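Same chain, two partners: chain A is paired with chain B first, then with chain C.
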Partner chain A sequence: MAVATDYEHRRAPSIGAALDRHYGALVSTAAVFAFLVVWQLAAARGWVNARYTSSPSQVFAAALDIARHDDFLHHAWVSLSEFTLGFAAALGFGLPLGLALGTSRRLRLFIDPPMMALYTAPRLTLLPILIIWLGIGAASKVAVVFLGAVFPIIVNTMAGVREADPRLLQAARAFGAGRLDSMIKVLVPGALPAILLGVRLAIGRGVLSVVVGEMFVSEAGIGHQIMNYGEAMQVGHLMVYAFAISLFGYALTIAVRLLEDRIRSWRPQP
Partner chain B sequence: MTRMFAHHQALISGCISFAVILLGWQLAVDLGLVQVFFTSTPVRVAVAFWQEFRSGEIAANVGVSLYELFCGLALACVAGIGLGALASWSRTIEHVLEPFIWFTYACPIIAFYPLFIAWLGLGAPTIIAIAFLSALTPLYANTLSGIKTADQELMRAARSFGARRRDLFLKVALPGSVPIVVAGLRLAVGRGLTGVIAGELFGAAAGLGYSIAFYGQKLKTTEMMVSLVLVVIVGVILTQLLSLCEAATDSWRTGPGR
Partner chain C sequence: MSQIEIADVAIEYRKPNSDETFAAIRGITLAIEKGSFVTVVGSSGCGKSTLLLAIAGLIPRSRGSIRIDGREVEGPGRDRAMVFQDASLLPWRSVHGNVRFGLELQRWRRDDIDERARRFTELVGLAKFSDYHPHQLSGGMRQRVNIARALAVDPDVLLMDEPFAALDAQTREVMGNELLRIWERDKKTALFVTHAIDEAIFLGDKVVVMAKDPGRIKTIVDIALPRPRTTAMLDSTAFTAYRHRLRDSIAADMQSLELVGGAA
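Right after this comes the complex of A and B.
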């Protein structure tokens, strides 16, 4: 998503250079802190029903409880392995297909329409039928992660390859590069920023898929626990798991964005 | 002329590839490669589609899902564009909002559906809330970046003609950001639709997602496929509509600033 973060270009109220530089982070932290205080007060004073909203102190207690009594690492491991398998399959399938579609117009004409139809529909709808096909175990979650993640990867790889600099391709061909050579040495590096953008989008979809898949029906995993605690109305516990999975998705997304920035830095700006 | 030919060529090859998929699906079952229970067949799905269409079930399900989607999107437009405009107005507001907005983006909103059911009850309000939160971030982020990256030459021109900050904002930056906001709306529709369908899988008693989960639990593959096909059709139509809007709102711009 294109979010401009050009804070540096604007001037903050001048309280000092250091404060100025960290102004954004300070304000954000203060806002979150204020939110937590209001949440705690609202629950404690009975402005809202704490049974439905929990409170920061309850969430903290729930986190301690989960760390002590819940098999958090086991559930995290189940979700992580389902996510990793599905995502690896999406990369292994999506990158070559995206490359092929980007370079071959004929292939694109035939594959593009059904692919776009699936891309625009929420792939989570396939969850019930995947469960009929693959059972309630890990396989159906791996499949739903794969389906969620593969399309952004294919589409962005395809777009990246198609937008490759024709002058570079021409130059490579003039120096005697074959089809494979020009693909590996010109097209893939050129398409890398677009591919990484696709990977970044795919992470969000993959994380959502694994959680919803496990919530729908499963035997273990973060989503399984969210469902259990949701049905038992143990809101604090539910929130701990929801925060954990959000943090995981967010950290992965940030990591890919950092990689994107590094790659962009060696490419000359057009 | 050649462009028209290319256009039709894409249409023809698209039809061929859909036909091949349907034929392969039908043959796989007829030749006994897969059991009809697992995949149903295109013919059965078409028959069930017609029956559900006649009985009004399709209209009811699509109607509920679209209603929930539009309510959620409308709320997300008001809140996302409003907050985005506010955030572009003041850096402090932007930083106050930022952690919450990005939390709704990073977090799988569906995980909180038991809470929504507790607050709002089973059914439309819960799904609308999930759709709203799913669709919020793209609208907010695109409004903010659309206003921030407003054409600096236009801004300078307006300023030199004596425009004040409010004029700049209302008459240059805000209108200038429309195409980017519409692009955000297209993303929001996709995320909102996912929110509606996934929400209906869990916390609803009507709608396309509900019917998929309902027939899925009864292992009625054919009826489930009908709803799956409908979701794909709804997704394609909405995306096409938004692409048209995007092209239309962008068409008044000319030159390299586009």
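Right after this comes the complex of A and C.
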């Protein structure tokens, strides 16, 4: 804790201060409740056609129905394993490549143009090709998650390494650091905030990829179920699955955020 | 034999987009005795930092030889440690972690690393701050960490590249005293680059004055002030005489340059 901010902790606790501290959370919660109430009212009063919009109570009923009759855990497991495999491959491939690209100008010149072309192209357009190559099973979804997640990881790792402070590298060299020492003790820790940012972006891309991949063609998974319920016009059921996948992506993102905050503790407080 | 023997060293860079070369330093010959404190002054651009980096083995020389205890310098080595300017501490490591840095890189034994990091943090007066990160420290404290990091690896030669340049005048004076207090303990050979004349006289047994275009040694002044040095000496007649002599020497260099600049 910085010496300069010590006085802030001496303020007497009060209800006003507690409200202050939780102001953001209170407003957010109130907003969610207000939305649910309006949604329920709109559907019940016939302001909107509940057949298309469903309603909070219908979604809740659909959730119970899915828990009882649908094999939710199986679908969740299929999506989770596709996501995890693709994401792990993206990390395993993207981190080393990003580090290499960040340190080697030659490699960067060589790989940068084709990589940037792939990075900017919408990778879901490759989905039909991946399905021709890999079939409609898990492999094509793993591949599409990999393609979605790997680029933010590579690009951010590379950027983080390239921004390394040359003075720190020189200090390391003066104490006898070799290339590997500099990598482990200076480049990677220095690039960690950028790497985590890349990972956080990659989670969003990966979740999107697995769902869209499953919606396109698949035998099971959350995206598969969303598509099925969509075709059957069962909006409530569809929303339960959509909500489940959002929650998953949100939870992972928050987890990485927390990690980022911890890593950043050495930075000057704003 | 002197501990550091520098003979006819030149460091040249190729000018961008041409075959011409530019000499950062040329014809540097200098001998430094074991256990002496040598300071190097000169206006910016005279190559004083370049010379120090060459001795550290961080930049290659184009000509000449640098020997330490008779061995030619080929790159960084355990016999030398460097104190850098302000921003060379790892911002994500605590004080303790930063003092460990050099020891880790030189593969000291795990127990020794911890013990020495603690001992040298204490030596520079930062025992209470060992868990703090650099951004939580004042400039003076950060440079104490920098000094502790260099001393912890037990070098024969301590190289210092304007370590107090970013500090205010008062802190600078305190740090100078502090550095001498630490140095007096085991009198490691020290080479200290600065652009502050008073600092150079106060710290040094010998002041090397450099001039530029090309970077070269202009004169070497022996400082006959007794040790331990005290702040009171700053106002002594002897100190004032050294100050005038060095200032004239450096000013002459600046003036001749301005004339050249005006003619061109």
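In this text, the second predicted complex is superposed on the first by the 251 of 270 C-alpha atoms of A that agree within 3 Å, B and C clash if a C-alpha of one lies under 4 Å from a C-alpha of the other, contacts with A are read in each partner's own complex, and residues count from 1 in each chain.
Here is the rule we go by: contacts are C-beta pairs under 8 Å (C-beta built on N, C-alpha and C of every residue); 3 or more make two chains touch, one makes a residue touch a chain.
Remember, it's a predicted structure, so these values are computed and weren't measured experimentally.
A simple residue count on chain A separates chain B from chain C, and the partner touching more is B. In the superposed model, A:Pro189 lies in contact with chain C only, and not with chain B.
With both structures placed on the common chain, the touch criterion links A:Val207 to chain B but leaves chain C unconnected. Contacts of A:Gly86 after superposition on the shared chain: neither chain B nor chain C is touched. Judged by the touch definition given at the top, the superposed model places A:Leu168 against chain C, while chain B stays out of reach. Shared interface residues of chain A (contacting chain B in one complex, chain C in the other): 2-3. Those residues of chain B lying in contact with chain A across their complex are 9-10, 13-14, 16-18, 21, 38, 91-92, 94-100, 102-103, 105-108, 110-115, 118-119, 137-138, 141-142, 144-145, 148-149, 180, 187, 190, 193-194, 197-198, 201-202, 208-209, 212-213, 215-217, 219, 221, 224-225, 227-228, 231-232, 234-236, 238-239. If you check the complex, the residues on chain C that touch chain A are 56, 58, 76-78, 80-82, 84-85, 87-88, 90-93, 101-102, 104-106, 133-136, 153.
Listed in rising order, the residues of chain A touching chain B in the complex are 1-4, 6-7, 10, 12, 23-25, 27-28, 30-32, 35, 52-53, 109-114, 116-118, 120-122, 124-129, 131-133, 204, 207-208, 211-212, 215-216, 223, 226, 230-231, 233, 235, 238, 241-243, 245-247, 249-250, 253. For chain A in complex with chain C, the touching residues are 2-3, 165, 167-168, 170-177, 181, 185-186, 189-190, 192, 263, 265-268.
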